[in-house]
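Going by the order they are written in, the chains are A, B, C and D; count residues from 1 in each one.
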Amino acid sequence: MPDVHSTSDNGLLADGRYVFPVRVYYEDTDSGGVVYYANYFKFAERARTEMMRSLGVESQKLMTDDGIALAVRHCEADFRKPARLDDLLTVSTRILGIGGASVDVEQIIASGETNLVTINIKLACMSMAGGPARMPDHLRETLERICDNSQQD
Amino acid sequence: MPDVHSTSDNGLLADGRYVFPVRVYYEDTDSGGVVYYANYFKFAERARTEMMRSLGVESQKLMTDDGIALAVRHCEADFRKPARLDDLLTVSTRILGIGGASVDVEQIIASGETNLVTINIKLACMSMAGGPARMPDHLRETLERICDNSQQD
Amino acid sequence: MPDVHSTSDNGLLADGRYVFPVRVYYEDTDSGGVVYYANYFKFAERARTEMMRSLGVESQKLMTDDGIALAVRHCEADFRKPARLDDLLTVSTRILGIGGASVDVEQIIASGETNLVTINIKLACMSMAGGPARMPDHLRETLERICDNSQQD
Amino acid sequence: MPDVHSTSDNGLLADGRYVFPVRVYYEDTDSGGVVYYANYFKFAERARTEMMRSLGVESQKLMTDDGIALAVRHCEADFRKPARLDDLLTVSTRILGIGGASVDVEQIIASGETNLVTINIKLACMSMAGGPARMPDHLRETLERICDNSQQD
């Protein structure tokens, strides 16, 4: 267990995967009795945000200090099985690659050993003024630290 | 029918009441089979926004031109009966009073002739810089135009 | 204008495309000043629901009468430009193909002539008891009526 | 520290108050730069749900085993100061009273020592078949255990 540590919000970073727990509340479900499809993207963003925070990067500070945000440029989701009220899910996040102004992320939402939803996200570095922006060095270095770990898997 | 006209988003302003239709979608419901309680406040805000728009006042322009927003300072809701998927609701909005920097609003959400939820809202005029702000004259005059109508009822 | 008619919720069905208006409210935006990425999927579902309703198919009745729901099995979204508070958007929905138990849908969210977000959805016919279900004939025939139209484009 | 124990979801039950942490994500904010007003009710419900879970009561089991749900019958909120992106809030929940088929709850949402929002909720015991229901004994006894504690304060 060489590279495991827990983080402020119950997340766990281990070998290039950030595993973050999410509980399903009424707000997340719909009258079909399952989690509403768009809400899995909320779970995924909470996990990305906490992964970044566990590495010392906060969304608000990125806006204020660097004038940028990591915006979702493209996303895909494959919904295999539904989650339900009171379920305790995990979101497992892995950085697949880092480009000049973008990051590719894979996120698997599971209930116990069962994968429910797989999400693939391309984040783009955007200037708060509008339009794409070069990724700040400190952000790139932070992301590469995790990305390397994940490739050792 | 002296004071009735339809508005851009299907709303209808008549004798001091602005009646706005809202359809219930999966996103609004929860696994109890009914509309999630906090979502009635979304319906209410859509109706307030369209009432203002029908009077020529847009939220974004209030921020940009006047540097203010009408923020919710207090709200109450009485939930009598639930709304369900596919229901076509109406939100009936009435301005009860206008203070120096605040507005009191009553909103009744109904399905046909049945009142489901009654919401009372106190809006406060807030500076975008933070803190309370005096209400711009054009906004006060616009609101008083409706408030007078409602008191004739 | 051979095949155009307006529908109950301001949508317009024309030559295999269902065009549905959506207004952006505070609830849809985030502190980045734009529409939150997952919320475009809500807009898309409203449009799919109204397209179906304009064809006589209601979600609640599908559940009650046929014991099925059209669930999202896969989705993709390409976010090109952001929508903002007060924007009046259109969602243009087109059925690309119909399988044994699934439907492929393309949805383009635009502001005026500018395409903001393109969404591709695969819907699967699901039994309310869980698991896939064969599509009821009346549903298939209804969908094929639109799908044919769209292929004439 | 006579009656303090931590719970599964980071909540802490102490002397009749259940204190539950909530992090603010993009999904919770709006383009005014603050948490959208209706979303504080989501935070409040998460805290109520976790308080109940820490006492052994789960929403899904209440529905399945007892055929009831605790529905919000009335709510009030006083919004004093706004929360913002990345804020780590606490929701402090206290049961004020228990009636024949209802429960009165006070919830204070704070950032550090600063109270932002105070919410008062009346929950009603509802039959899943519709209409009010008598509160199951096990639920009443559980709630009274906390309510007693809170009155010792």
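Definition applied: a residue touches a chain if its C-beta (ideal position, glycine included) is under 8 Å from a C-beta of that chain, and two chains touch if they have at least 3 such contacts.
Everything numeric here is computed off the predicted structure, so don't read it as measured data.
Chain pair with the larger contact count among B-D and A-B is B-D, by C-beta pairs in contact. Distance between Cα centroids is largest for the pairing of subunit A with B.
Separating the CA-averaged centres of subunit B and subunit D is a span of 27 Å. Distance between subunit A and subunit B, defined via averaged C-alpha coordinates, is recorded as 36 Å. Annotation for subunit A: residues touching 2 or more other chains are 26-27, 32, 38, 42, 45, 84-85. Residue ranges of subunit B in contact with subunit D, taken from their complex: 32, 37-39, 41-42, 45, 63, 69, 71-79, 82, 128. Looking at the complex, you find that subunit D touches subunit C at residues 26-27, 29-34, 36, 38, 84-85.
Subunit B contributes residues 9-10, 23, 25-27, 42, 45-46, 49-50, 53, 58-61, 84-86 to its touches with subunit C in the complex.
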